Amino acid sequence: MKLTILVHSAPYSSQAAYSAYRFTESALAAGHEIQRVFFYYDGVHASNGLSTPPQDEFDLVKAWQALIEKHELDAISCVSSALKRGIMDAREAHRYEKAAANLAEGFVLSGLGQLVDASLSCDRVVSFGA
Amino acid sequence: MEMTPKTLTFIARSTPYGSGRAKALLDMVLSAAVFDQNINLLFMDDGVWQLARDQQPGMIDAKDLSAALGALPLYEVNNVYVEARALHERGLTLDTLAVTAIPCDDAHITALIAQSDQVFAL
Amino acid sequence: MSTLHIINKQLPAQGLSACLRVMRPGDAILLIEDGVYLCATEPIAALPDTVHCHVLQEDLQARGLALPVAADNCQMVNYTGFVTLVCSHSRSLGWC
Amino acid sequence: MEMTPKTLTFIARSTPYGSGRAKALLDMVLSAAVFDQNINLLFMDDGVWQLARDQQPGMIDAKDLSAALGALPLYEVNNVYVEARALHERGLTLDTLAVTAIPCDDAHITALIAQSDQVFAL
Amino acid sequence: MSTLHIINKQLPAQGLSACLRVMRPGDAILLIEDGVYLCATEPIAALPDTVHCHVLQEDLQARGLALPVAADNCQMVNYTGFVTLVCSHSRSLGWC
Amino acid sequence: MKLTILVHSAPYSSQAAYSAYRFTESALAAGHEIQRVFFYYDGVHASNGLSTPPQDEFDLVKAWQALIEKHELDAISCVSSALKRGIMDAREAHRYEKAAANLAEGFVLSGLGQLVDASLSCDRVVSFGA
């Protein structure tokens, strides 16, 4: 089946951010197709490339990055949620005259339309943290 | 060949200003509205507080959520429902809401969910 | 046309009671994250036979819990089972 | 001239793994412990789940909170209390906890708070 | 030696009930953020005379609420009053 | 009186982040001294200098920065909470070999000892978001 994953919660603050990752990993292992992973609201914190957890703790940003790369996942961080929360790519940093960009590699900033579009063309949507 | 429109149901269950969840769900609804699908918006549980009249969110430097809800008809989001039980439990009544909404009992909500292709709640 | 209701909070008022009111025969409940604390509570024990209840094993064991022996209407699934549940119902709905 | 030690009370009310709050409160306790003050740690409400035995947080790639709690005596945090009512409501008993804690009733908790210079809860 | 108990969530299970069990005569309650929804509920109406209850006006009005007429044991404060309450009690404690 | 403010919640996700700001502003207006503002757990998101809310929404990061500057407040973002959540100054960025830093001007990264220290030497601690 084609699945869309929607993530509402932040790593380190809610287990839901981790659950979304484990579910996606298991769905891929079971042979399903991931149409899109959409990070929304506090979920966008998973795409902060500056995230640096202690070495003995699970690094959810890196885990997502590895999964995204391995399976060529379409991983979108909602641009309006991300900008509010201080996560941006080089293009947005330029637009808003910020000195730095911090979107983690593998993630793409885009709008809510990408969530609706995926929801309309996939078989199942699963939400985490809502 | 046109695709059959799908039914997307959004369930608003959060208070308007305690978190950003109410606003986040409304943004999802407005985004979905431009896709020409069947959109249902249902206010349940504490979500019905979003419909209270006379909100003055300027007092806490927040944007008026009830005003944004008033714009739903412009987006042709007309299927707006409210859980009757949730209103009653909170001492709210249909005619004192900031927005026109269709009252629903449990069976009606069950049917709304069962008719939906996808359901989003926040 | 059945729905999978996913509950991830431990207070019944944070989802379980609303979910119980609007679910219908053939629907299923999945308790995950802090929702697994509900598996030994009265509302789950009182579920009708027409509703299946599942508990995510990883989240249960992480918390040092086990399924109560009496909970014969509740069964454990792992993440693979979670995926199967999502696919075998027409839609899923998270109640937080 | 030595300052009179102050009493800091920490109330753990969160489940161990649903959020990072339990770990965050424990980190506060350990930081406070090195200041040679009177430290009270009280587990209330859902916080008592932190004390459950046989936690296997490796199943969800989390660190073992009950193991960290076991290190409290090394930090000379010895005033560890648990709300008896919260244990009872959750089917837990004192002798099945991962950590030794003094059971408290409401009056005892009231007194703990009233004797504190500052109280932190999470 | 009194304590100011600050409640910022609307579900009684998220703080209010615990707070009510352990507060003592002379203590005060302050409802802020989503805690203001509690001002018209039974547990607040049933508070003994020895406990003062305050509601943050800004948070109440933002939500379109007003203090119920019957709530004569509950009074409004603004942010300045919030500061005064913190200073006039020996300690404050947040129940979320 | 000397007050210490402790902030546990994130802007845009919880009203508590805003309440802490308003309380601090009112305490200063009433003539009280703010010993320290300590941002902990999700509270550290208030110190993300890349935060870019829509122009018609209240900008809490900027509001804190203005208050910090005007009153020379001691505003500390807990370093371990911040690093996990992808907020760091130039020094930490160098240490962890990250390409960018994003700690908002006016905020300082430091440890939990600063919270305990302030709590022991002030008259009142007020916590927001907990």
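In this document, chain identifiers A, B, C, D, E and F correspond to the written order of the chains, with residue numbering beginning at 1 in each.
The working rule: a contact is a pair of C-beta atoms (placed from the backbone, for glycine too) under 8 Å apart; a residue touches a chain by one contact, two chains touch by 3 or more.
Quick caveat, the model's predicted, so the values are computed rather than measured.
When the partners of subunit A are compared with those of subunit C, the chains appearing in both lists are B, D. Among the remaining chains, the Cα-based centre furthest from that of subunit A is the centre of E.
The leading chain pair by number of C-beta pairs in contact is A-F. For subunit B, the chain whose average C-alpha position is most distant is D. We define each chain's centre as the mean of its Cα atoms; on that basis subunit B and subunit F are separated by 34 Å.
Averaged Cα coordinates give subunit C a centre that lies 29 Å from the centre of subunit D.
In whole angstrom, the spacing between the mean C-alpha positions of subunit C and subunit E is 35.
Averaged C-alpha coordinates give centres for subunit A and subunit F that are 26 Å from one another. For subunit D, the set of residues touching two or more other chains reads 17-18, 20, 60, 62, 117-118, 121. In subunit F, the residues that reach two or more other chains under the touch definition are 12-13, 15, 22, 41, 57, 80, 125, 127, 130. Multi-chain contact residues, meaning those touching two or more other chains, occur in subunit E at positions 8, 33-34, 58-59, 91-94, 96.
All chain pairs that touch, listed by label, are A-B, A-C, A-D, A-F, B-C, B-E, B-F, C-D, C-E, D-E, D-F, E-F. The touching residues of subunit C, when paired with subunit A in their complex, are 6, 8, 32-34, 58-59, 79-80, 82-84, 86-87, 91-94, 96. By the touch rule above, subunit D contacts subunit F in their complex via residues 6, 8, 20-21, 24, 27-28, 31-32, 34-35, 37, 117-118, 120-122. Residues of subunit D that touch subunit E in their complex: 11, 13, 44-45, 85, 106, 109-110, 113-114, 116-119, 121. Across the complex, subunit D meets subunit C through its residues 15-18, 46, 49, 52-60, 62, 66, 90-91, 98. Of all residues in subunit C, those touching subunit B in their complex are 1, 3, 18, 21-24, 91-96.
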